[in-house]
C-alpha cells in the first residue's frame, strides 16, 4: 500500500526485544521525591545560568535556569520547595555538572502564571517557539536537542514532512510505547501544533511493528483529519535496530538519505520524538513546562520493573526503590537503553529530560569487555553498520594512532548506534574506539 | 679496435655534451653540512623540535630557521655536535624532564567503579572521567608508557608511572597525551615536586587519596625562600625559586612532596658544569 | 682516517645487502648455491675495487657535471672485462650467473661507492673501501647461497666440487623451495633480521 | 624463453605472470622494495618504468642492430647500453620538467631511480640475447614492465596493511617485507609454465 | 602522496613551494647512496587555499585521481603510440615487401609515432598546466616561519 | 585487594551494554564442527594414515601457537591472545586435510611451523596475516617435497590396507595427458571411467580432506546456514570454475575435462567453502567477496587447464590473498547518504 | 657554462670512452680465442662421448636439420649423432644422441647446462643412471615403461623423463626415416 513498507535502510540488526516485562504495564506516577537535583545542562548547547540562589523558595514549574544563546534551553523546578545547593553534581553523562538541588516542601504547588491557550493550533509560530523554549522542551528521544531550534528552519530549507519518532527500537525501553497507548490524542495534537508551526501538510508517525496496540490506537485517532487540511499517516516499521535513528527513520519512511554531515531539514524533514510532541501539547495547551517524563525502570536487577512518570531531578536511587529495589546484587546501572545508554557509577544521578529508561543488570548478566582480540575481519560490523562505514578499520586506526586515516574513511558519519560493538565476535569495543578518534579529531580542529 | 674506439668515443662525445647541457640546467649545490647534521641528530624523528623529523630540523638549522639547540630530545650532547658543524657557539638548553604529578597509585587512591574497555587512559577517561576516586588522579593504564618513544616510562607495581631520568629526553610527548594532564615538564635541576594535581577541597582530597595535597599550607610556611604558594586548593612550587633544600618535604603531613629522583641532589649550578664539560669536549 | 674502520664498515655495519638494502638482484638471483654466490661476489668485488681505484685516481681530473657518465663508463669497462674473462676461463660459472654479470654495472653498490667514497678519498682508502664492501657483499651472498644450497639441495659445493651431501649421507630430504625464488626472499629476510639483531646488541 | 614466433599475448603472459621480473626473475628489486609504501605512488612508478623501459629497449635495439652489430663491436654492448639508458633518463626528466612542472613534481622524482634499476638494462640485454625483432622486443619489454607494475602495486597494497600490524620488533620494516615477497613469489610459482611458457 | 616544502612566493590563489625529494625518497633504502639527477630541490606551483605565507613549511598533495590520470597521459600515451607505430610498420612491410626491411620499417614508423605523441603532449601540456585540478594543493601548514629565529 | 565487606563497585563499560552471542572461539569451533564429516570420510577411506596426519597437523599447529605465545608473552602491541580462540586448531585441521594421507610426520610438523609461525605470527598473528596460513604451508610443502606431496594412496575403505599403493589423482592423470601435448591419449580416456558416486562420497585418491565432495558440501551448507560464512565467495568461486571449464570444454572437448569433472575433483569445495572464506585473508565487503571468489575461480580454471600443476585451488587462493588489500581499499561499502 | 664547456665535456667523455673501448677490444681479442676454442672443444667432446667408436665427424644437413656422421680410424662409418631439444618441465632439454650403425642408441648426452629442469628433480635426467638406460635400445623400447616402452621414469619427474624419451625416440625415427639417406 504505502511506500514505507518496502523501503528499508541497509544494515541494522535484530536485537532481543526484552520489552515483555514492562510494555503491558500502565504508567504509574512516581511518588514525590524528598529532593530533586536539576542539572543546568539537560540539552545540547550552552549551559543554563541559575536564576535562583541557595535558600530561595521555588514552586513547581518555576523557571530556575536559562541559557544565553540560540542553541540552549531552560530548566524548571519540578517540585515546590527550597533551593539548598547550587554546585556540580553527578550527571548521567558521567561528569559532574552544575545543578540546583531543591528540597521538597511536600506541597507540590504550581508556580503562578501557568496558563494554557484554548486555540493552541492557531498560535503564531514565533510565539510558539518562545513557548517551547520557555517550557524547556528538548528532544525526549535521547539527544536532548532544543526543540525550538528544530522548529525554526532557515528560510531556504523547505520542510515537507514531519515525522514523529515512536520507533523505540532499543531493547527494554517501553516509555514511548506506554505514552502512545495512554496519551494518543495529546501526541497527535502536539504533532498538529508542530505541523502548523512549520506549515507542513503531511506527517508520519513511525512505529515498530512490535507495538501493534500503539499502531492501532494512533490509527484510530487520525481518521478524520483530512478536513483540517492535514494528512497524518501511521507508518508501521520493520523491527530492526536502529529503526529509530532519525537518518534511518527518514530513509524507511520517505526514502530519502540525509547526506553526510547533513541534517533532516536538508531533505525537507523534521523528526521529533512522540514524547516531545506530547510535551509541546502540554506547553501550548496547558502552559506546563517540561518537568516530568515517563521512565522505564527495568532489567534483571530490578525487583518490579515499571513505567514511572517521574519528576525531572528524581534520583535513580529513589526510582529503583519505588520499583521494589534491587533484585540480587546490582552489577551495572544504565541510564538509557542497552545500546546507547550510559553506565552509571552512582545512584545519586538524577532523571533528566532525555532519560527514557533506567536499566539494572544484576551480577553476572552484564557484559564486560576488557578482553578483546584483534579484528579477525569477519565483516559483521561492516555488514550491519547502518551508516555503511567501516568500524573495523577505526578500531585498528585507534590502536595505531592513525587519526587522519580514520577521518578520511568517513569516521564522522558514525551515529554511535553500537551495532558494531554488539556484533563483533572478537568483542572489540568499537564504539569506544570511534569516540576516542572523534575526540582526537575535535581536539585537532580546535588547535587549528 | 679502431671502430670500437671511434664508436664508443662518438657515443661518449654526444652523451657527454648532452649531459653537461642537462646538468647545467639542473644542478643545485648540495650542502654537505646537511648530511653531517642528519648524522648528528638522534634520528628518531620524534618531531619534538617542531620540524618534520630530524631531516626537517637539519634543513631548518642550515637555513638559519632553527637554533642549534632545537633538538630537545638529543640534549646537550647533540646541541654541541650540531653547533660544531654549524660553526657556532653552543647554547645549551636546560634539559627538561617529565614529572608525574600524582602519587595516588592503586594503594593510596581507591577506584569508584570497575572499568572495562580499551586498556588505555585516554579511552578510560571518557567513561565518567576514569575510575579513580580522585577525579584528578592517575588512571594507571599506561598511556604515557606506550607513547614515550624513548622507553623512559615504566609502570610500577602500584599502577603508577615511573620516569627513568636517564632515558627521558624531555620531548614532552607523554605530557601531551596524558588525559589527566598529570605530566609536567620541569627543568632537570629541580628535584622537589608536589606530586598532586587535585583541585578539590582539602577534605575531599583527604577522603579520596591518602597522599594528596590537603591544603594544610605547612609547606608554604616551611619554605625559606618562598617558592611555594597555594593556588586553587593546591600547593605549587616555583621552579626558579626552589633551591632543593627539602625543608618542605619534611613538613608535609601527607607525604605529598617528595624528592622525586633518588641519588645526589643536583643544584642549579650543575647546568654550568655541564656547559663547561661540553665546551672542553668541543675543544678537544 | 681510520683505515681499519674503512675496511670493516662494509662487512657488517654498512653491509650493502643486509643493511643498506642495495644490490639485491644479483644477491638473490645468484645466491642459490655457495659456489655461484661466491663467484658473483668475487666478480663484483673485482669491479668494485678496480673502479674505486680508477675513480679515485681520476678524481682530480673528472669534471663534476659529467662525473656520472664517466663513472658509468669506467664501471662498465671493468664489467665487460669480467664478463669476457669469466666466459673464457670459468665457463660453468659463467653459464649459471648468466645475465647477472653484465648487470653488475647497475649494481647500485658500485656506483654508490664511486660517488660517495672513491670520488672524495685517496686511492688507498678507496681500495680498502672497495675491498671491504666487496667482502661484505661476497660474504653475504656466499652465506645466502650456502644456506639455500644446504637446505634446498642438501649439498654444499665450492669451486664446483661438492664438499658434502647430507641428502645422501644423512638421508636428509632437501626442501626444494629454498633453491627456488621464494626461498631467496625468505632467507634474506631472516638474514637481515639477524644482522639487525647483531648490530643492536653492539 | 621468448622467441619471435610467439603471439603477443603469449609474450605478455610470459613476461607478466610466468616469468614475473620481480618475483621469479629477481630484477628491479631495489625499487620494488624501495618505492612500494603507497599504492598510488607505486602505480605511478610502475607507469614510469613502463615508459622508460620501453624507450630504453627501443633505443638499445636500434643501437645494437644499426651500430654495434654491423661494426662488429658487440663487446661494447654493456657500456653503450648503460650510457644510453642513463642519458635517456636524464633527458626524459628534463623534458617533463620543462613541459609540465606540476607533473614533474608528482612523477619526476621517481625517474632517476630507474637508472639504477637493473631491469632496464637487463631487458635491453635480453631482447638482444633472445634475438627478438623490434616489435617483439617492444611487446616483451612492455610485458616485463607491466609485470613489474602488477607486483609492485599488489605489494604496496599488502605493505599498507602490514604497516598496521603488530609485527615482531625484530622483523619490522625490511625483514617482514622480504618474507612477504617470498610468499608472493611462492604463490606466483602457481603460474609455472602456464601455457607451456 | 604528500610532499613537504617551504613557500617561497605567493600570488593570489597560488603559491610557489620549494620542495625537496625528501618524502618520497624517505622509504627508499638507497637514499643514502643515491643522488639522482644532481638536483635536490625544485619549485612547484601549488594551489594555496589555506593562505600559507612565504616561509611557512607546508605539506601539499596532488589528488590521487589527477595524479594517475596525468601519469597515464604522460607515460602511457607515447608508449601506446610507439607500439601502434611499430605494428603499423610491420604490417606495412608485410603488405608491401618492397618498401623495405620489416624491422627497419617498424622501428622507423614506431619512432615517428612516438615523436608525434610527444609533440601532441607538448601541445596538450599547455592546456594541462592551466588545469587547476592537476595542480598540487597545499593541505596543511606544518610550521610557521620563525620570524626571529 | 578488595575487602569482602565493601559493597561491589558498579561496572562501567562503554555502550553498548549487550552483545551478540558470537565469539571468535565459537566461529572457529563451528568451522571445526563443519569439517568433522569431511575428516571422518577421509579417515574412512584412508584409515590410520589419515588419522595420524590430521592429528599431527592439528597438534603441532596448536603446539607452535602456544610456544609462540609463551615466547612473546608480555611484549607490547598485542591484545590478549590464547590458544582458546581456536584459530590454530582450524589452521592445523585444514592443513592436515590438505595433505596426502601418510605424508611424512616431519613434513607435517614443518608445515605447521610455516603456517603458524612464518605466515601467521610473524605477520602479526590472528587477524593480521595476509596469506592463508594453511594454504601457504601447503604450497610450501608442495614446492619443497613434490614427491611426497603427490604420492596419493589408493583409497581403501573401512581401514583396509592402504600401504604403498599410490595412484594418480584424476586431475593429475588429466594433467599428465595435457602435458604430453596430446601425444598419448585424449583426456576422456581418464574422465570417462570415473564413477560419479565415487567422486561424490570420496572414493578416490587425493588429499585427505578433498576427496569427499558430499561431506564438504554438507559442511559448507552448515557454515552458510549458521552464517559463519556468507555465500558470496563459495558461490562465485564455484560458478566461475564451472563457467571457465565449460568454455574450455566447449572449445576443445578432446583437450579438456568436463565441467562436472572439474567441479567434483580436486580441492575445489574444500577451498571454496573453508579456505577462500577465511575472514582474515579474504575481502571484508560483499562486493569484494564476489570479485575475490571469481578471481579464485578464474585462476583455478586457468592453472588446471594450462598450468603445469594439476590443481590450482591453493595457488589461486594465495594469489587472490595478495590482491585482497587492494580489493578492500577500492571496494569500500556504500556509505549512507553518499 | 658556455658552448665551449659543453664541447670540452664531450671531449673528456669521449677520451674516457675511447680508452675504455681500446681496453675492451684488447680483452675481447684475447678472450675470444679462448671462448671459441672452449665452445668447439665442448661440442666435439659431446660428440665423441655419445659415439666413442668414431674418431672424427663430418657435419651434414638434411632439410635444415644437422647431423654428424662419425668415422672410425679407418674412415669407415661408425654411426651418426643427432640433436634434439624436446620440451621438458622447465623448457627445452638439449639432447645429443649417438646412434650405432645397427640403429640402436649408442649413448645420449645431456649436461647440466643443456637443461633447465628443477634442481633436485628433473635435473636427474642428466645422471648416468637415467641416460644409461637408452644404450642399445631402439624403436618402441625408447618409451617410458608407463607408456609401453622400457625406460624407467625418474620418480616424480615423469614429465622430464617422458620428454627425453620422446625426444630420443622422435630423433631416432627421423634418423631411421630420413637421416640415413644422407651420403
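By letter and in written order, the chains are A, B, C, D, E, F and G; residue numbering begins at 1 in each of them.
Following the convention adopted for this analysis, a contact is a pair of C-beta atoms (placed from the backbone, for glycine too) under 8 Å apart; a residue touches a chain by one contact, two chains touch by 3 or more.
A quick note: this is a predicted structure, and the numbers were derived from the prediction, not measured.
Chemist: What is the chain whose Cα centroid lies farthest from the Cα centroid of chain A?
Modeler: The most remote chain is G.
Chemist: Tell me which of C-G and C-D has more C-beta pairs in contact.
Modeler: Comparing C-G with C-D, the pair joined by more C-beta contacts is C-D.
Chemist: Per the centroid of Cα atoms for each chain, what is the distance between chain B and chain D, given in Å?
Modeler: Roughly 46 Å, centre to centre.
Chemist: Averaging over Cα atoms per chain, report the distance between chain B and chain G in Å.
Modeler: 72
Chemist: State, to the nearest whole Å, the distance from the C-alpha centre of chain C to the C-alpha centre of chain E.
Modeler: 35
Chemist: How far is the middle of chain B from the middle of chain F, if each middle is the mean of its Cα atoms, in Å?
Modeler: Centres of chain B and chain F (C-alpha means) sit 51 Å apart.
Chemist: Going through chain F residue by residue, note those that touch at least 2 other chains and give them in order.
Modeler: In chain F, the residues touching two or more other chains are 9-14, 78, 118, 124-125, 128, 140, 143, 146, 308.
Chemist: By residue number and range, which residues of chain E touch two or more other chains?
Modeler: 29-30, 34-35, 37
Chemist: Give me the residues of chain B that touch two or more other chains.
Modeler: In chain B, the residues touching two or more other chains are 4, 7-8, 11-12, 15-16, 19-20, 23-24, 26-27, 112-113, 116-118, 123, 126-128, 131.
Chemist: In the complex of these two chains, what residues of chain B are touching chain A?
Modeler: Its residues touching chain A are 112-113, 116-119, 122-123, 126-129, 131, 135.
Chemist: Enumerate the contact residues on chain F facing chain G in the complex.
Modeler: Residues in contact with chain G: 146-147, 150, 176, 179-181, 183-184, 308.
Chemist: Quick one: which bits of chain D touch chain F in the complex? Just the residue numbers, please.
Modeler: 39, 153-154, 157-158, 160-162, 164-169, 171, 176, 179-180, 183-184, 186-196
Chemist: Please name which positions on chain D make contact with chain A in the complex.
Modeler: Residues 164, 166 of chain D touch chain A in their complex.
Chemist: Inside the complex, what are the residues of chain C that reach chain D?
Modeler: That would be residues 21-26, 28-29, 68-69, 72-73, 76-77, 79-80, 83-84, 99, 102-103, 105-108, 111, 177, 180-186, 188-190, 192-193, 196-197 of chain C.
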